[in-house]
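Structures follow.
Two complexes, one shared chain (chain A), two partners (chain B, chain C).
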Partner chain A sequence: MIEVQASQGPEDIALLRPQPNGRVEHAAAAPSLTALRRAAERALEQHGLPGRKDEAWRFTSVRGALEIAPSAPAELWSLERAGDDVRAHFAAEAFVLPVVDGVALVTAVDNLPAGVQLMALDDAHRSSVAPDPVSLAPERHFRALNTARFERGALLRIEGQLERPVHVIYVSTGVSVAHAKLHIEVVAGARATVIEHFVSPRKRGAVGQGGSADGAANVDVDAGPSGQGDAPPPTLLNAVTDVRVGPNAELEHVRVHRSTQLLVGDVATELGKDARYHSRVVTLGGPLMRLSLHLAFTGKGGSATLEGAYHVAGRDHVDHHTRVEHRASHCTSQQDYRGVIDGHGTSVFDGIAWVHQNALVSEAHQQNRNLLLSDTAVAHTKPHLEIDTDSVVASHGATVGSIDEDQVFYLRSRGMRESQARALLTFAFVRELLQRIGDEGTRKRVEEAMAERLPDGMGLLELFGETA
Partner chain B sequence: MLKITDLHAEVGGTPILKGLSLEIPSGEVHAIMGPNGAGKSTLSYVLSGREGYEVTSGSVTLDGVDLLALPVEERAAAGVFLAFQYPVSIPGVSNLYFMRAALNGVRKQRGEEELDAPSFMRLAREKAKLVELSPELLKRSVNDGFSGGEKKRNEIFQMALLEPKLAILDETDSGLDIDALRVVSAGVNGLRDPKRSMLVITHYQRLLDYIVPDRVHVLVDGKIAESGGAELAKQLERDGYAEHRSPAA
Partner chain C sequence: MAEATQEIDQVLKKSYGAGFVTDIEQDIIAPGLDENTVRFISAKKEEPEWLLQWRLSALRAWQRMTEPTWANVHYPKIDYQSISYFAAPKRPEDGPQSLDEVDPKLLETYEKLGIPLHERAILAGVAVDAVFDSVSVHTSFRGKLAEEGIIFMSFSEAVKEHPELVRKYLGTVVPVRDNYFAALNSAVFSDGSFVYIPEGVRCPMELSTYFRINAANTGQFERTLIIADKGSHVSYLEGCTAPQRDENQLHAAIVELVAHEDAEIKYSTVQNWYPGDEDGKGGIYNFVTKRGLCEGARSKISWTQVETGSAITWKYPSCVLKGDDSVGEFYSVALSNHRQQADTGTKMIHLGKRTRSTIVSKGISAGHGRQTYRGGVTIARSAEGARNYTQCDSLLIGGNCQAHTVPYVDVKNPTAKLEHEATTSRIGEDQLFYCRQRGLSEEDAVSLIVNGFAKEVLKELPMEFAVEAQKLLGVSLEGAIG
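Moving on to the complex of A and B:
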């Protein structure tokens, strides 16, 4: 295998090859969007894609992703058919935006209440609601690649109080590389929940794994051959989500990663005065899940909670990078990332809370806890604080440990089987974060899915008084 | 009845129990007293099967069942219950759900039917009253943020639910205020039963005013140094363990 170097020339990297019969070049794009794409191309030429020598990618190899050459896009009708399947599966939900092969099917959503706008990014760029690019995350590496190559992104703009969540479902027809782009804008005083679901391609029923409340049949988003035994070639989803939460607005932003795809995600969030933001990320394995979360307080009085619960097994690799910037005073940030690592799994957490000089009376907390279930499981963790002012309450901490044997003994001494005791303790460790998900259906599904992944996890939910 | 014969046990290669023999007939309450480090908690762990406590010789039977051959949870099913000297807290696991799982685990192993949620709730409320454990504590995570006294009440509550054949109470009185001591003792007395043996480990004679033992044993350096009636505890309270310590110690 070739060793990929940082800043390797574009011609060497399969991922950078143009997509055969790609649609992006043909689109008569809005001029402002075209300008962004050009700038991104230049950034790509200059910086290429990350390698091990980039500090932020030291523990996460993207070599597998770089070796994937883009395949020809699927026909539009086949994307729409997959979108219909997604909608049928999530029929019980009010608002569902299917994103198939990175293409946001904005026209598939027809019942939006007043105050919610959903449009193709290209259209947004032509109109008066063109999103200001959230500029805090550098337009580089996978983010630059995303901007240069995404086909049809979406702008979701919310005014008023949205009582039911908007579900964004990322699926794939099996195309080797997809780039998705989503802008979420919650305007002043508005409130919403947006839930991004990343599900597996190429597997019957993948979309609906974990069951659905309405008992709808599982959908088939499979476009290519799939059979037991022949592992499908790896595919990459490169998803960028930019978020702006306006003054006194609130957003609960949930992400559920439950995919066999390689996932590279980048979320950049700007919070206005007194804005509230809750990021809740649940990751249930995956060959590669890399999420970069970049958040900035730009007005006084904002608060943000960033939470991640993950289960990593087999040869899964899960990597959270966070960067929280206190650029204004009287803001509070809380980061709490917790994971269970089994088998040969690896987790990476690299988080920074940076309190700028002018950010008086700030509060920044950061915590990463890892529970290792096997001798071959690995956790790299590096929470850190950078504080350029005095009036700050801050804390950071990290733990990497195994199950507390005193607790196991206590449970067993009351008659609980050892394997059940271990499963219970493991689940309790991450469940607290899952429980904070506001949407009941999603919360139940991820709790169930998490429990099922644990050794001897069946029937666990019942122990917690929840009927599976 | 519990029968311990010439028990030797080590922790981390260090012999702690050195030829301990003890019989507690069904229906009796025996107290064990003894200086710090004598091996009282070690005995309770050996009886309940904790890992790291290695029995090198001797035997332990409960109603004829060889306890030493069983893993921890099967001993619980066979009727062993340990009220911990330091109860462990388990954040994120509700006391009630845990105890329902535990009780049903034990019932299943005994070949009894599992209790459904409503019947369990009724039972739990009834047993909680016994030790005046507030219903609010039932819902909280196991021992998480409980005060010292609340933890001890919770131990007796669990014991009442599991209805063991052998109850081992390791310093259940420590950390209890005077009223709580009375309540917990009353709870324990309420659980006295012709089919149940109890082993009460304590440092203080005061507890034995409430829970009057049939026998009192003095455990020193891994062995029973002396046994007697309830009056032995009063004598120890007065004189200490001086005459029991080996000259070398």
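Moving on to the complex of A and C:
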């Protein structure tokens, strides 16, 4: 696929301006990290940021994001306070890494279970544990911007069999532009669950003008996008997560997107021999939510499932891009994305399964199903297969439709109210995917949040016997 | 197995049967494209001023456009200034009045192609508007068709005899600025077929054009326009084969279909142009824009294609479903062997209420073949209750071929129902084993399986074409497993 180069030049784009009083420049960064940043800066100069002419951004305009000028960062102590606030929402023994304004608060985590290593990326680069950059996705566009400008990233290295999940919570104190970077490394034979939560600030403090901490102290992990009330100025979170799953290791990687921020996410995953990876994405609206998920099998016998459930309403714009590369033989990938689109919402799904020529005995399946609930909802879907060998079984499917009236009739004939019947059918459409989330607390939380967003959805959980 | 492999190799290496050159004098202008070229073509064809201006506007649009690069095909850059844009058999002014007067060498060409004009006309009941390079040489059965009020003639004749119809419809489905190759065609199109079926008439026979590319270094820019007026019905057959040449030849045709209320157009293609040799040398570049407009309510347009030839195929026969309850269909078998590349598919644009479309695409790649299905289904906000079903399957033979599937689905109406399915796999070992065990040779087994794979599409073809298509698939693929 040939991409047209970005039409946006680097000049005049507010987003590309340097951050006033930014901390990045001051940090005495490790040389290897500095080199990466320089290369990213060059890529940025060369390719700029994506425009409508880029095939991968055809339906998703980032114009709103480009107009946001970076503001001065919040004071460190207000980040710490926001981090503490976030942790208060979880049980004391839970392992929670807060990422506030893109700054990973690695030092704030003290109850590390055995077999888990957590350090600032900078420190990692200075020591021997420097992560190999996951070189799947080219450093360009928002990824390059992230590498060039992120303040403090984190390396999470898992060596044992983790019983409990690792929660990574992304919050904002109201700073206009934040870049977060996280490396997850699951070494050979290890097993873990990592859950990334993207949540909204309940109130935006005027952090840009001197760091009032009020906004920071009011973070609510359970507040989803409301889409109502006075619209505060938009803020952007550009989050990059690189994942490496070693030979015979297993990772369940959950991402819950419930943010009123503009969110551009980029995940690149490399799987070693016989590695197993389960990506479960839950997206509950957002003014702009773009996730690019890029995965490659680099060793034989790997398996991956990529699942996504999304609900889009109001004027939400949700865009999931997946790209699965079979570079080695005997690997299996399954993609299943399902979503409900209501109001004036727009959903974009673009999935690629690419089987390289040497990837013998590959299996790649892909599915995207969309349920349109309103006259103004829009679905774009493009499940895309690129098969370069004959030793393969591949399939993909896509559907777009509305609720089956026969099914509504059936439920009504059993005495259910019409609105209830519709809510039930809508919920059931995505619930199957939500149920596969291993961590019970998270699963309940997202099921509730999903039900809440549906018209007449409140009574649903009772119907399913899962009272909150 | 070794023996089988040898046989297979022989079959695979089989050279192009229709490769020959007819040696007759031609009128060719010097290569190059500018305003003078367009004026020359227009003058040569004695076209009215409005058509010249139309061509010139297309040329100006083309000069401002850049060649698209998004398709999954690779070829050396085309030098548009090294192509000659007009070639016509000599003596066009005193053209043949009957078959006897036709240049015997021309007739010989048709014989080699297996199109006995007169025989076919009588036995098969098919009217043939044979295009030899750029100028129509012979049109049969025109009298019989004229009785029904049907107009079936070459495009240049239609410009002279029915300028009002041509002017009304030309460029309405594929506008001049539609795409790079459409603009190029609009500027320099040579000739083609024109069909008009009057209100309520069911065309009594299948209309057919056989055209072939002759003369090296001559791009052929065919233009076909078919109009089916209210309640009429027509089935149109297109088939192509070209002589063997080393120089790549560019072919950028346009086909426009317009179906009014309750009208039906069925357009079938068997394309067997020279695909180049095993190393990808030579072969035709086939960059075609085909589009049908279901203008009226309850109209129907059906595209069926069997694509086995050309070095590069780049075409997307599409339907704009504007009339309420109109129907669009697309059935395709595309095969790429050796170094052939095909980026093909369709676009269904649903505008009217309760419009329906069906897409069945079967791609077969073997050798180093590269096969891309690229399809778009768009449901506009106005398309209440629209329905689409898409199925695209790919069959892979050998480890060096590629099969890509790129479906675009854009839906803006919740009452739409849309399904897309695709599978990609190789010929099953168990299927082969089963057939072999029943005593079929390996190549017969593969042929059987491939024909079965493509059956859904082949059955949509008119009788004469179905046979030809099956033969083509067989020849191109027999025993490609090695």
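Operating definition for what follows: the second predicted complex is superposed on the first by the 431 of 468 C-alpha atoms of A that agree within 3 Å, B and C clash if a C-alpha of one lies under 4 Å from a C-alpha of the other, contacts with A are read in each partner's own complex, and residues count from 1 in each chain.
Assume a residue touches a chain if its C-beta (ideal position, glycine included) is under 8 Å from a C-beta of that chain, and two chains touch if they have at least 3 such contacts.
All values reported here derive from a predicted model rather than from experimental measurement.
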Which partner does A:31 contact after superposing on A: first (chain B), second (chain C), both, neither? neither
Under the stated touch criterion, which partner chain does A:424 make contact with: chain B (first), chain C (second), both, or neither? first
Of the two partner chains, chain B (first) and chain C (second), which one does A:416 touch, if any: first, second, both, or neither? first
Is A:406 in contact with chain B, with chain C, with both, or with neither (first, second, both, neither)? first
Mind telling me which of the two, chain B or chain C, contacts the most residues of chain A? C
Dual-contact residues of chain A, meaning touching chain B and chain C, are none
Residue ranges of chain A in contact with chain C within the complex: 1-2, 55, 357, 360, 370, 372-402
Residue positions on chain A within touch of chain B in the complex are 404-407, 409-418, 420, 424-425, 428-429, 431-432, 463-465
Sort out for me which residues of chain B touch chain A in the complex. 48-51, 71-73, 75-77, 80-82, 84, 87-88, 90-94, 96-103, 105-106, 109, 117, 158, 162
Footprint of chain A on chain C - complex, ascending: 69-70, 72, 379, 381, 394, 396-426
